[in-house]
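In the two assemblies presented below, chain A is common to both, partnered first by chain B and then by chain C.
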Partner chain A sequence: MSLESFVQAAINGLILGLIYVAIAIGLTIIFGMLRLVNFAHGAFYAIGAYTGLVVADHLGFFAGVVAAPIVVGMLAFGLDRVLLRSFYGKPPTAQILVTFGIALVVEEALRLIFGGTTRQLAIPDWLNGSIAVAGLQYPAYRIYLAIAIIVVVFAVWFFIERTTYGLIVRAGVRDRVMVQLLGGNVEAASTLIFVLGAALAGLVGVAASPIYSVDPGTGFAFLIPSFVVVVIGGLGSFWGAVVGGIIVGELMSISQVAFPVVSDVIIYVAMALVLLLRPQGLLGESEMIRG
Partner chain B sequence: MTGWRFYALLAAGLALFPLIFHLPPINGYAGLATEILIVGIAAIGFNLLLGYAGQLSYGHAAFYGLGSYGSGLAVLTFFPHAQSFALALFTGIAIAGIAAAIIGSLVVRLYGIYFALLTVAFAQMVYFIVFQARDLTNGDDGLQGISAPPLNVGFAHVDLGSSLPAFGLGPCGDLSDIKLWYVFAAIVAFLVVAFVRTLVRSEFGEALAAIRENEERSIFIGLDPRRYKLAVFVISGLLCGLSGALHALYQGSAAIEGLSVEQSGAFAIFTIVGGVGTLIGPLVGTGLIMWLENIVGGVFPAWRLVEGLVFVAVVVFLPSGIVGSLLRRRGGRLWLRRLVTAK
Partner chain C sequence: MKRQTTSRGRFIGGTAAATALAFGSAPYIMAAPTKEFVIGVNVPQSGSYSDQGTDQLRAYQMAIDEINKAGGVMGVPLRASVGDDQTKADVAVDNARRMIERDGAVMITGGSSTGTAIAVSALCQQMKTIFMATLTHGDETTDINCHEHTFRRYNDAHMSARAMANELIKRYGTGRWFHITADYSWGHSVYDNLTAVVEPKGAKTVDNVLLKLGTTDFAGALGKAQAAKPDVLVITEFGKDMVNCLNQAATFGLTKSTKILVPLADEYMAKGTGDNFDNVVTTAPFYYKYHAAHYPAAKKFVDAFMARYGTPPSNGAECAYVNMYQWKYAVEAAGSPAPAGVIAKLEGHKFQATKGPEYWRAWDHQGINSVMVMEGIPMSARFGDEWAFARVLHEVDGEGVAVTQGQSKCKIESA
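Moving on to the complex of A and B:
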């Protein structure tokens, strides 16, 4: 492998990793703050991507990017109110089953509405072109996407760690009754966290669809690696998802160039090793997880 | 229910199933009945782990798929001259069992969500290893043209593809619609249910129940939960391997989809819909969902949407499943509701 192809793979891995980071952050804050294992998270990505495709067709790319998180957020709000509310903090078995069922329903609904064909969003001219990175000509859209994700990640972090809403949810995880006695609305705050995590996945869905094409199965295709990311970083850990996402993106991308045979399997080997040697994840806090 | 009554009802149910299944409103066919029983055995294995030991695996497709590929490869590649049904079946089960022992010994160290996610990781590894071993497994295409060798029953070699004697049954069709494969699958399913029933009623089953209810307390009364969890994991993996091996021999093919996360999820759906922690619930759930897929799917293409909605509705409103709800009148199944419901 030449140095050039290695650098190329490393940059690709970073972009892919950042996309996983943005999906996994929703997954990890929903687990960390609401104690919900959400197998429907990939479905939010897919809905975002399809919403973006439809809206962008009529109103342009930018409208698609704005519409996707709003539509996904509203759907997530309904889902939270009608169904998932009562599953927060319950045994993971029940959560996995119900959210897996929701994911199935979404996949089939998308297939019914849009058919099974693969689709891709066109990059608008003003975002197209290439930029020189480390001596290589690199597609400009990917660079913009990476920067946008980094900005969004810090915005989410600020919201959770530095605002009253974030404080109420984090305190609510520790002692729900006390927070309510002190006048904090835990219910509203946790709904907001769920909607935020979902909307984020929807936003990534549309933003990544010029690079990674979508079909009804895309939700599951992104769900499983996103869980790998969250597990490697630590279930519930914010910065763990960031570190895990970059690791997974780089592992997938570099191994594809260096050892194509193992490129599919390598992230699962990494996930299993983390679960066996450090089940709380690289940056996670220890809790009762060993049998 | 007393033993003989249960077994008599089970035998009668298995004997009548392909006939009733054929009636016009149901519109099934005997071949599908056979497949339901075969796949149902995997659901029974999955249920042994979830329903009786309280462990959710999202990786049991690995054992089902390895069973399929094992028996298929035994016929096509490993022992092409042996032409032995039993050898093919045994190869599939053995490969699944070895994988279950290796994977099981690692996953039993973890709890709950971590247990489930580690089973996903290992199942994905198996999926991609089989996928990449193209020379042996044909990758995406899977194994085709596996012709099941005749079954040696001691005094004769029986071709399971032959039909039962012609005998008109009115609206239920003709007895000759049914192949010997159904009879064989029904006998295996009967033995599997009897085995699981005996197992969960034994001291071993009591220990599993103790671990399921409260793992910490089970340690205090002197049990070693890891050993029990490993044992039940391997047994449940073996049942999935048996199911996969039979399926490959019956269908004449082994598909890579049999190793996917979706397949693992399907076992969960079959079990939950039918009734987790019940003896025949998994068979009932498999029957209902596969009927939806094959019969309703023929006239109504959105059947998978219906399947997903049925599944969500069952998890939320009918957490003990169809069979479990019918049985519930007789006694509280509190642990079950705790395991599957939100309430």
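Moving on to the complex of A and C:
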């Protein structure tokens, strides 16, 4: 493996990792704050991708990028109010069954509406092309996507850590009754967190669809590695998801070039090692949003 | 701390259980068994090759409906037992076994991968059931892994490589070739055949990156290709994997800087890659636009398929459709669906369906029919028909490019 190939693979890994970060952050904040194991998270990614495709067809790429998280957020709001709210605090098995069921229903609904054909969102000409990175010509869209994800991740962190709503949610995780007695609306804040996490998945769905083709089952392809990210980083840990995402992205990318034979399993080996050596995940103990 | 540990254990256990749920499914049955012939239709409806599997399923349903409307096979109606093989050999074998043992299937058909075809072929041989393989392109299906009960009409990699040989040598012969290859029997078979054709003519293989079926991010392999600056990039990927790979290759600028070769493509892959398929050289056994314009039976099939489904048939769908009618012919000619008679009637059988004259070779059960060598065209040249993805460069006679008995390792059990 030449130095050039390694640098290339490392950049690829960073960008792939950031995509997983953005998906996994939604998973981890929903788990960390609402104690909900959300297997419907991949479905939000898929809905975002399809919404983006439909809207972009008529109104252009950016309209698609804006519409996807809004539509997914609205659906998540409805889902939370009608169904999921009653599963908060229930055993994880019940949560897994209901969210997995939602994922299956969404997948089949997408197949019914859009058919099973693979689709891809076209990159606008001005976002296309390549940029010189570390002496290599690299696809410009991937760079812009990485920058956008970094901005979004910090925005989410700021919201959770620096706003009143974020404070209510974090406090609500520690002692729900006390926050309510103090006049904090924990239920509204919880819904907001769920909607935010889902919208984030929808945003990644549309933003990544110029790179990864979209089909009704597309959500599952990202769901499982995202759970691996969360487990490696630490359940409920915001920065754990960031660290875990980048580790998973780098492992997948570098192994694909250097040791293709193990690229299929390496992230699961990493997850097993983390569970053996540090069961709470890499940053599972020291984070502010962990319950 | 204790609470969190418990949650983690349950969470991980639940993750494993849900993963198993996600990737395991049983075939479903379209009707209860009665006096009928059950056909086991085993196609991928999920995973990387689901577009191809779903389109095959459409063709099977159309053929079965047509046959039943015309009185069935020897007056007996057909019923399909359908399974999603997920392009996984173990799932495909489980499905086929259930179809034979539980549903009484007299023939198994379908598939979109050589890996599943080889596995199902071995099972069908063991269970003495006819297997009309559909979308399998690797040589092994009718070469080293050939079986008495298996017939494969689809072109193989040996045929595709030899059919393309002149075009490849004319365009790329002495250049530096970089391969991105699906890491299973089909990918290896295509790679072996292509290098066997072009390397003696001066082509130099720079690298061959093997990637598992279902890879979504090809950036690592494409970055390596970009650094190697090859003259030719060979993408031996199929279905969604090929769509992702070629579209990502375009974002790396490789479609402009490098000549692209996709050894096997179909309408879904070309549609999914749009303008990125422009100038790509490829092969296929059937192309609806060309065949409908040249063969009346193909036009009738394509028109009926489009009227029923609103989309043209992919080459896998065409093969599925013809496979059903070939089995019908053999059963009626033999007077029974019993495998021995069906095999005897198919071996050496000459016929013309949706292509030119073709036949089933007796010693390896490979269908000998033409190979289309094609070149992709941009969306702007498709004149509103986004499926019309290519111009035909050559229709190559299958006989001249198929493996010979002397070259083949096939030893049919009864031969």
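The rule is simple: the second predicted complex is superposed on the first by the 285 of 291 C-alpha atoms of A that agree within 3 Å, B and C clash if a C-alpha of one lies under 4 Å from a C-alpha of the other, contacts with A are read in each partner's own complex, and residues count from 1 in each chain.
Simple rule for what comes next: contacts are C-beta pairs under 8 Å (C-beta built on N, C-alpha and C of every residue); 3 or more make two chains touch, one makes a residue touch a chain.
Here the structure is a predicted model, which means the values were calculated and not measured.
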Chain B and chain C placed together on chain A: clash or fit? clash
Task = Look at A:264 in the shared chain and tell me whether it touches chain B only, chain C only, both, or neither; answer first, second, both or neither.
result = both
Winner on chain A touched-residue count between chain B and chain C: chain C
* Asked: Does chain B (first) or chain C (second) touch A:134, or do both, or does neither?
  -> neither
Can A:8 be said to touch chain B (first), chain C (second), both, or neither? second
When the two structures are overlaid on chain A, which partner does A:83 contact: first (chain B), second (chain C), both, or neither?
first
Discussion item. Once chain A of both complexes is superposed, is A:118 in touch with chain B (first), chain C (second), both, or neither?
Written reply: second
After the superposition on A, what does A:182 contact: first (chain B), second (chain C), both or neither? neither
**OP:** Check whether A:279 is in contact with chain B, with chain C, with both or with neither, and answer first, second, both or neither.
**Re:** both
So, A:59: does it touch chain B (first), chain C (second), both, or neither?
neither
- Query: Can A:147 be said to touch chain B (first), chain C (second), both, or neither?
  - Reply: neither
Among 183-191, 255-263, 273-281 or 327-335, chain B clashes with chain C only at 255-263
Chain A contact set shared between chain B and chain C covers 37, 91-93, 96, 100, 220, 224, 227, 231, 235, 264, 275, 279, 290-291
Counting only contacts in the complex, chain A reaches chain B at residues 37, 83, 86-87, 90-94, 96-98, 100-102, 104-105, 107-109, 111-112, 220, 224, 227-228, 231, 235, 261, 264-265, 268-269, 271-272, 275-276, 279, 288-291
As the complex stands, chain B meets chain A at residues 50, 56, 58, 106, 108-118, 120-122, 124-125, 128-129, 131-132, 215, 225-226, 229, 261-262, 265, 268-269, 272, 301-302, 304-305, 307-309, 311-312, 315-316, 319, 338-343
Chain C partner, complex, touching residues on chain A are 2, 4-5, 8-9, 11-12, 15-16, 31, 35, 37, 39, 91-93, 95-96, 100, 116-120, 122-123, 128-130, 136-139, 141-142, 210-213, 215, 217, 220-221, 224, 227, 231, 235, 252-254, 256-257, 260, 263-264, 275, 279-280, 284, 290-291
In the complex, the residues of chain C that touch chain A are 4-5, 7-8, 10-12, 14-15, 17-19, 21-22, 45-47, 50-51, 54, 183, 209-212, 214-217, 219-221, 223-224, 226-227, 239-240, 243-244, 247-248, 251-253, 268, 271-274
